[in-house]
Structure formats: C-alpha cells, structure tokens
Amino acid sequence: MVVRVQTAPFDAGKELALITEGNFNIGGVCSFIGLVRDITPSGKINAMTLEHYPGMTEKALQKIECEAHDRWPLESTLILHRYGKLYPGDQIVFVAATSSHRHAAFEACHFLIDWLKTQAPFWKLEDSPSGGRWVEARARDDKAAERWGHGPNQKPNLT
Amino acid sequence: MVVRVQTAPFDAGKELALITEGNFNIGGVCSFIGLVRDITPSGKINAMTLEHYPGMTEKALQKIECEAHDRWPLESTLILHRYGKLYPGDQIVFVAATSSHRHAAFEACHFLIDWLKTQAPFWKLEDSPSGGRWVEARARDDKAAERWGHGPNQKPNLT
Amino acid sequence: MRLLYFAWVREKIGMSREDANVPDGVSNVGDLIDWLSGRGREYEEAFANKASVRVAVNQEYAKMDTPVKLNDEVAFFPPVTGG
Amino acid sequence: MRLLYFAWVREKIGMSREDANVPDGVSNVGDLIDWLSGRGREYEEAFANKASVRVAVNQEYAKMDTPVKLNDEVAFFPPVTGG
C-alpha cells in the first residue's frame, strides 16, 4: 500500500513498475489518472489550486486502500494525489490496484477513485476568467461512491 | 487510436503521456497492464511464448478500438501487445482509454481487454517444468466478453 | 481546542487555524458550531448553512453529536472535491 | 489458396503455411476442412475436433458456410488466448 500527497508530478510508468516489481503473482494492473481539463461544468478555467488537510488526507487515503484490500484479493495498491497550483493537462491524481486477476484490479481501482472523490479532504479552487470559484461537490460523485456500499465517513452531514 | 504489436517492452508512462498530450478535454485515463505470472491455472511456468497472426492481429485490434469509440465518448485509446518469449513479471499487453469523464474511461478500458482476450489472434505456449503446453481458452474470458454484448467475430465456431 | 478551517470556510472565517478557549458547556460538535456562530459575523456566515459544512474531530469525519474535548483538533470544511 | 496454421494446429499439421491447389468443388470453409482432412493423418488429426478450431478467411473470422475462393487467405487456429 502506497499513499503519497505531493506537489510534484509523478511518472506513472515508474510508479507502476515499483508496485509490481518482483511479484510474479500479479496478472493485472489497473490504474487511473485524473487530469485537469480546461473546460469544467462551470466554464473555461486557466488553472486550479488544490487545498488539502495535511494529516487527515494521508489517513483518509490509507483507509480507502485498506477498504479495497478488505474487499478484493489485491497484491498492491497505490494512491498519489497532488496539491497546489495545477494547469490544464496536469495530472491531479493517480490510483492503481494489482491482482492475480483483472476483474479484481479493475473493480478495486474504480472503487479507489470513487471513494477518494467523496472521502479524501481535498478542495479545488478554479481560476476562471471571472475569478476564483470553489468547485462544488457533485451528486454524481456521491452516487458513484454509493455503488460500492455505504461509506464510513463523510456521508453523515451536519443536519 | 493506437495499435502496436511488438516484441519490445513498453514504457507505460511515456505511452500514456503520448495519448493525452495537448488534449485538455481529457479528465480521466484508465489503463490496464497484463503481466506474466509464474503460476498459472495449470501450474508453475518458467516462461511463455506468444504467437500471433501478423496482419489479422492489427486489424482485429483496430476493430476493437473502433467498437470502443462507437460505444463511449472517448478522446483516445491505445492497445499494445507483445509477442515472442516472455518471462514471469514481463508485460504482455497494455490497453488504455481516455475520456472527459472517468466512468467512460473505466468501462471502455475494461471492454478493450475483455474483447481483446476473446477476439485478437494471439496464442500462449507455456514453458513449464514438464514441457510446452498451449494455454486453453477459458470460459471465464468468454463470459467477460459477453458482458459487453455479442461479439461480431470469434463466437460462431465450426460445429 | 485546535480549530482548523479549509476552503471557503477558511475564507469566510478569515483564518486557517486558531487555538480557542472553548467554554465548559460545549461538549459536542453541534454545541461547538453554535458557540462559534455567536463569536462574530464571519463565523455566523460560515456556519449559516450547516448542511454545506463537514466536520472532522481528530482527523475523523464527525457528526453533530460527536463529542469534543479540550485537546481535540476540530476541522470545518466544505464537501470534498478532490480526485 | 494461401493456407495458414497457428499454435497447435500448426504443430499438428507440421507447417505454418502452404499454397494449396484446392479442387473446384471446394466452395466454403466446411468443404475446405473436409478436403484437407483427406490429405493425410496430420490434417485429419488437426481437424478431428472441429469445435476446437477457429477459421479466418482473409483475416476475418469465418463460419463453416463462409465462401472461399482461389486467391483467399484462409487461416486455422485454436481459440485465442492473448491478453
């Protein structure tokens, strides 16, 4: 299990090599990279700034990985997330899951990103031509996370 | 759309960079790497040799990519497949799909590998302690491909 | 009590962290929000719509009735939007 | 007609390709297999279990009733196992 929160970009090929190296039981590696788009649901953006909660972020990401290992027979997992100022085309997040069989790898990888989106304490501030704008959480992401069953964390809100 | 059949290993990070570069409409990149395991359903193996049908292989892979583009709103796709002698831990295949949204990328990537496994003319010869052994097609792979609807090609057999 | 604010909650309150002398009667998250809301207009505005604020106590997601104690770290922030 | 054999079909027949002078009566894949099976024990064994052989005509998957013509490329192989 690997969790890293960093400002620097990552080398997907190198990271995948690290989580598979020497493990000849791995038959499949599924990975997902999230990138900054230049058009978002609220319009054109020049850049975005990702804020996070140091300390809690790492814990939340580790929990998501543990949950994935509980649910699927995985050999290794990886979550890398960037913060700070990012531009269109930049990588934001990289998740991966390895397993002896491909379906477990696909499902676990999909789960990692779906839960990360609703559980990990990151916030996006879009820098648009009309000024800064905090991205709002999307019902679609909640739905995607709910597919995997009840989340332990963020769901109970304050009302 | 990229299709390549080669003996050389590939650099996943570099390949992913190539299919995303300059396209700021891509929000998600899902990719899958298949690796040689040292234990297969029939036992321990030392190596495996992949044979394929030059000419038909490239056509079959292109068709699979076209089918994925027909079914999902994709920005780009990639299929790389190796042939020749490979050892445990070696990469066999690399597929990827990019889209503005992650679910399309995940589904299309899963589809690419599921269909490839039942449609692309590759054959694995396992080199085990007891000699060479042609890998048999697995019902599980047919089932996985059927999830995506009827395949146009290999299904009708000769009986 | 160590209080942390993130994203637009931080912007509304005007700071990212503070060490607050929370009175004795404040025993859970709900009490804490009520107390903070009475400290000034910036707090009142930040907590005006409770449904849009998430809370973590010692870096774990919390609810209105989650207890808070003297040395806890309590964070307030909008629903998360990473990934 | 250009005939190609792959994997264990190639091993059983003992070659990977041949240019065959196929007689006039052979008009589809089924006819071709029947004719080949009569050419010797290696062919007979390769095609003994038709259900385990796949066929492509001009690099497209084919069925028993797919027509074959003089200049076609016809390939015989086991179910695929790549990926």
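Here the chain labels run A, B, C and D in written order, and each chain numbers its own residues starting at 1.
Convention: a contact is a pair of C-beta atoms (placed from the backbone, for glycine too) under 8 Å apart; a residue touches a chain by one contact, two chains touch by 3 or more.
Note that the structure is a prediction, hence the values are computed from the model and not measured.
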Point to revise | Separate pieces, if any, that appear once subunit B is removed in thought | key: A, C | D
Practice item. Report, in whole Å, the distance between the mean C-alpha point of subunit B and the mean C-alpha point of subunit C. Key: 49
Revision key, fill the gap. Averaging C-alpha coordinates per chain, one finds the centres of subunit A and subunit B separated by a number of Å equal to 24
Study note, to complete from the structure: In subunit A, the residues touching two or more other chains are 34, 113
Point to revise | Junction residues of subunit D, two or more chains touched | key: none
Point to revise | Interchain contacts (touch definition) - all pairs | key: A-B, A-C, B-D
Review point. Which bits of subunit C are touching subunit A when the two form their complex?
Key: 4, 6-8, 29-30, 33, 50-51, 53-56, 59-61, 63-64, 75, 77-83
Point to revise | Footprint of subunit A on subunit B - complex, ascending | key: 11-16, 20-39, 88-89, 100, 102-103, 105-106, 109-110, 113, 144
Exercise for review: Going by the contact rule at the top, pick out the subunit B residues touching subunit D in the complex.
Suggested key: 34, 50-53, 55-56, 59-60, 81, 92-93, 113, 116-125, 134-138, 141, 152-154, 156-159
